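Below are two complexes that have subunit A in common, paired first with subunit B and then with subunit C.
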Partner chain A sequence: MLDSLNYLALGMHEAFTATNIFWVLIGGILGTVIGMLPGLGPATGVAVLIPVTYGMNPTTALITMAGVYYGAMFGGSRASILINTPGDASAIVTCWDGYPMARNGQAGKALAISAWASFVGGMISVIFIVFLALPVARFALKFGPAEMFALLVFSLTATVTLSKGNLLKGFISLCLGFIISTIGIDAQTGVMRFTMGFGSLQDGIDFLVAMIGLYAVTEVFKNYASLDANYGVSTSDIGKVSMTRADWKQCLGPILRSTPLGFIVGVLPGMGGTIATLLAYSTEKQINKHPENFGKGAMEGVAAPEAANNASSVGAMIPLLTMGIPGSGTTAVMLGALMMLGIQPGPTLFTQHPEIPWGVIASMIIGNLLLLAINLPLVKPLVQLLKIPQRILLPMIMGLAFMGTYLMNYSASDFFLLVLFGIGGLLMSKLDIPIPPMVLALILGGMLEQSFRQALTIGNGTPVLFFTKPISIVLLVLAVLSIVYTLVKDSRAKARISKGQAA
Partner chain B sequence: MRRRTSWIALALVGGMLLTGCGATTPAPSNNSSSAASAPKTWTPDATIEIVAPAGPGGGYDMLARTMERTLTGDKLVDKAIIITNKTGGGGATGWAYLNTHKGSGNYFAANSPQIIQNNLLGVSTLSYKDFTPLAMLQAEWEVVAVPKDSPYKTGKDFFEALKADPTKISIAVGPALGNDDHIQFLKLAKANGITDMSKLKFVVYPGAGGEEIPALLGGHVQAMTISLGEAMEQYKAGNLNILGISSDKRLEGDYAKIPTWKEQGIDVVFPHWRGVVGPSGMTPEQIAYWDNALSKMSQQQSWKDAMKKMNMDVYYLNSADYKAYLEKSTQEESDLLKSVGLIK
Partner chain C sequence: MSKNMITGLFAVALGGIYLIATLNLRQQTMGDPTGPKAFPFIIAILLILLGILLLVKEIKTPQESKSIVFFQLTPEGKKVLIRIVITSIAGIIYGFLLDPLGYLISTAVFMLGLMFLVNTLVRWKQNIIVSISFSLVTYIGFATLLHLSLPRGILSF
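After this line comes the complex of A and B, so read on.
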């Protein structure tokens, strides 16, 4: 305990140099901008910085890259809220209530909530990392294929809560997503599946392409019907960009619950921000007194995922710093960059170069404060985006969608997929089939399948592992309970409504 | 046939993109000067482009960027060098792009055993034969690691146990079957007389070391076949044991205690290498230029230091030796992958 504080003091000493503060600021701003642009995620942002970090000392390099990482978490939700286009994968969930809030004339408030929730989530997680880094890292090792599978199943129960009443259509959407997620080379056997001879499908369909197509392109197609309208929001009352005392009261609970959840998911290898936000969102929806408001612009629906994704980006630094294991795509790029500087993060980093990990941890405190200071004043100018008439805004969104898609894989064949998903999304919305379960299945499908089959291989072809590992059992039971609870609650609500009508 | 068509389509798209950024891309040298007056020696006549067939930060990218730093930093070439990242198809996108510059000496791409394996596994129709091998440049070594409390203390113990029951041990491998990590293990199994190799329990982790190491440390698998670079920090921290290494002699320093397979009586020496290929149709003069420049690069102190930082050995083969090596390994690996049914 005291050791941690001593080390933190060392880290503060390391981080509070003019150079490092300058680079946190640069990293944070760059991250915010990159996070806002669809397709450009934190991994790209860090990669772009690699040549810049050549001449730096390792602590400064890592501080800068970490700044980009959580800067992107702040920025990712801007586009989600304003134009229903997630800036990166972990900002998908923010669309679900952030965009409805913007349509209800609360864009400013939504942006403010997202900035504050990101800040609080980030700060609390830094406290976690100071005191809990090592035990949490050890706990994460307990997650093998069976436990991962159970956790993914548990997060998939969110589908039930996301189907907005029509469970059947929700499952149709989910299954479509799973089918698409099997395209490409199967990792466990090396067999090609459903590539139909297209070389460009061998690596599977990047869920980010699907996501930009289903959200941004679909949104554009839908709005072409009403080209002359603007968003139908009176722009005068958007100006309210702060959170009131009542707002805080409503959001604090979700933020405080979502932070530890996001933090732990961030530590698990291969999981990351998207799953953290999903779990946070569905948890909040299930325990909320008014779950029917979720998806229609509930403040909690913005606060919870935003706190969770920042917490997970801090959590993801733990395996990197304590064990040298990259827990996410972004930290993998960071690892590569550090190796070029002659630093190999690993189990010995904390003992041999304590100034590096602790400098980074201390810089997160500065970084979060700076990001809040950058992001709150940005709310007002950003909201002006909504004043842009549709006929100008829609082509801009389309342009951003194509640009983001190309920047992800530098592959022009993704353009076809992008448009296909856009058309698919339009059809789905005409048929009233919810899109979120499909996106969910696309993100989780690959991992779900791989962890399931890894567990089968280890168990000599039997599912014995799922029912002998305690964590797996607990999570599977929770998954069942979560579905049952939602169903019961729904049917009771329906009964009440029909009773009310009868009376 | 179908796949070929799609590759042609891909190449066309690549070509279109290329013309799209024609302003920044120097045109391939237009050897309009008559053959009679062609100079005996060749030097790069425009900006040199190194293609890293993967995203920034990975092994290919680091190789390309280190090359750029030594070649320009030590003034081994007098033209500027740019690096292009082309991701997709396990390297195939980048290599296909390289061949849009047929016959040019100003372009080359990083490659690795992937160029052999992707072709064998049917992932790509491109093989090393579609390019001009220029040099093998670096190698790292493969190891088999087990948890520190594993009952297996030596390579012999381990393979004896597997020979008795090939399904006894779950082995982590990643990111995909048929790569060097996997092939090392197959070579070892074969050398130890394990006949039914298709029964071996390989658990594939698409996230490679980042997922394999936690799986091993958490006790979810009992062994992993991996490059030393990915396992070494955990080894140094005493979290895992390494049963053997695929180098021909023991490494130095921190790794001096790791026995080679050879000294344990298992006849396997296997570098996990990276090198560079040029587009098809390069002239002997162009090849001679790069043989000279790249062999010099391999001897530079800055190159040796950079390799050391990345935990790589400098492992230079010139264009002729490299080509011969590629031929030989293609045959060997094809036989191994057939024995586990990955290819027919």
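After this line comes the complex of A and C, so read on.
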């Protein structure tokens, strides 16, 4: 307990430098803007920003990327409220009551509620992370190869089963990521694998190129279909961006209930902002005295999901920082950028470089304050950015994607791979194959294989270790259960549909 | 053909190719008894199984509840496809120009190409302004703020 506070003080010292405050601000603003623009989410934001982090020290880099991440949570809902188009997936729920509020002439109030709910949700979650990070990291220090393998299996399985969509296609996506991760020289034996004769593939496929391709290039390609979408709003319709005391009374309960919920969902792999907001919304609707108001502009319907998605983005930092395991596309990209800088997040990070995780945690306090300031008084000029035509925005994102790829190895030959991943991602989304499992498998595949082989070596070539270590057993059972649960849920849903047809 | 059918066939085919490639790998167990083949082997089998499962499930599914891929493009779809193809080719050409021409010129040219492609020819003034300022701002930003060097090419002053 006291340890955590001491470390937080260290983090404060680290975060309160002019450089870091500057980058929190830049990251937060960019995140807000990118989150606000329909079609571009936090993963794209972080991917496009990767080149900016090359020249930075790891703490500043992570602070900036985290700023983009929760900034996007603030920004995503601006578009939901004003134009009924969510800026990113986790802002969909905010449309349901935010937009009706705006149509009732309460746009300003909805924006204020969403900003305050995001702020309170984010701040409380920072308190959670301060006290949870160290115990979790210390626990994770005890993990040997078998536990690590089981944890990776569980996380990757959960990414598929807990997200929506076809289970089989999710696992196929995982396999694609694994296949890409095995390309290159095998670290343990030096055997060349699957390079297809290309010398440039010896070192494997740079996962950052893959991520920029999948999240920036693919997104631009997708948006090529809606070049003339016009997201302009007139600021005169927004009204006063503030909350009254009565509004606070009504919203505080939902905010305080949704924050821990969102945080827990964020910590779990595979869930992320979208599910956090859905859960928070439906919980509030169930316990509210007037559920009939939900969907027609209920303030609680804006406050709850907004608190939840910010809380989940803070919660997602726990597995990333303490175990080096990202639970979502956005945190995967952050992990990739950190590894590029030579930093491997995980339990040892807290003992060897405590200033990095604690600097990031402390920076979230500043970041949330800055974002509140950006999103309350400055919201009107900011939403003007929605007027930037797609026709100008998309080429610029494409330009940044290529620049980022080039700066990684100073080699333009990576552009082939970038384009390849951009097109591959587009084909995958046309076939409804989810992309996040592949990205996670791509970045975690190497670790998974290594822990698998190490555990087998310790077990004299038998998988005995996986089934004798208690933590490993629990995690593997959880992985199997999450698959079984999804199968049962799906077949029940199907049975209900066929029953409905018969009746 | 339905989306799931294509995905299933693709999974089986890729899994098969990957399996053959895995079996052809050199076995090397020095220092690591498991060797470099085991993990890819498991993945290959898993992918083939997943593909077969998806195919079997799709064959059992009634026709009306399948989501079908249409290979025939609408005129608008054709335009989108052309944009994607041109962007991809432009990106690769950009790669060849970067070192000889330098960052400033090649980026401006690449951006100009994209802007003309996406933002129509009519708004040529806007296109030129955006392209040149993008190239300049990113160059100055990276060189001064982040101390990263970008190739100067023929503008080696």
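What we mean here is this: the second predicted complex is superposed on the first by the 273 of 503 C-alpha atoms of A that agree within 3 Å, B and C clash if a C-alpha of one lies under 4 Å from a C-alpha of the other, contacts with A are read in each partner's own complex, and residues count from 1 in each chain.
By our rule, contacts are C-beta pairs under 8 Å (C-beta built on N, C-alpha and C of every residue); 3 or more make two chains touch, one makes a residue touch a chain.
Source: prediction; values computed, not measured.
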| Which partner does A:Phe194 reach: the first (subunit B), the second (subunit C), both, or neither? | second
| Looking at the overlay, what does A:Ser413 touch: subunit B (first), subunit C (second), both, or neither? | both
| request: Pick one for A:Met403: touches subunit B only (first), subunit C only (second), both, or neither. | output: second
| Between subunit B (first) and subunit C (second), which, if any, makes contact with A:Pro470: first, second, both or neither? | neither
| said: Between subunit B and subunit C, whom does A:Ala332 touch in the aligned arrangement: first, second, both, or neither? | reply: first
| Taking the superposition as given, does A:Gln344 touch the first partner, subunit B, the second, subunit C, both, or neither? | first
| field | Touching partner for A:Ile433 - first (subunit B), second (subunit C), both, neither | value | second
| Is A:Ile458 in contact with subunit B, with subunit C, with both, or with neither (first, second, both, neither)? | first
| task | Check whether A:Pro319 is in contact with subunit B, with subunit C, with both or with neither, and answer first, second, both or neither. | result | first
| Intersection of the subunit A residues that touch subunit B with those that touch subunit C | 51, 188-190, 410, 412-413, 457
| Sites on subunit B touched by subunit A in the complex | 2-3, 5-7, 10, 13, 16-17, 55-58, 61-62, 65-66, 85-90, 92-93, 121-124, 167, 170, 175-178, 201-207, 209-211, 213-215, 217-221, 232-234, 236-237, 239, 306, 309-311, 342
| query | Considering the complex alone, what residue numbers of subunit C touch subunit A? | reply | 3-4, 6-7, 11, 14-15, 18, 21, 25-26, 28-36, 38-40, 43, 46-47, 50-51, 53-54, 57, 67, 69, 76-77, 80, 83-84, 87-88, 91-92, 94-96, 98-99, 107, 110-111, 114-115, 117-120, 126, 130, 134, 138, 142, 145-148, 150-151
| field | Of all residues in subunit A, those that touch subunit C in their complex | value | 51-52, 54-56, 166, 168-169, 171-172, 175-176, 178-179, 182, 186, 188-191, 193-194, 220-221, 224-225, 227, 389, 391-392, 394-396, 398-400, 402-403, 406-407, 410, 412-413, 415-416, 418-419, 422-423, 426, 430-433, 448-449, 452-453, 456-457, 461
| field | Residue numbers on subunit A that touch subunit B, as the complex places them | value | 46-48, 50-51, 140-145, 185, 187-190, 192, 197-200, 202-203, 269-270, 319, 323-327, 332-333, 336-337, 339-342, 344-348, 409-413, 446, 450, 454, 457-458, 460
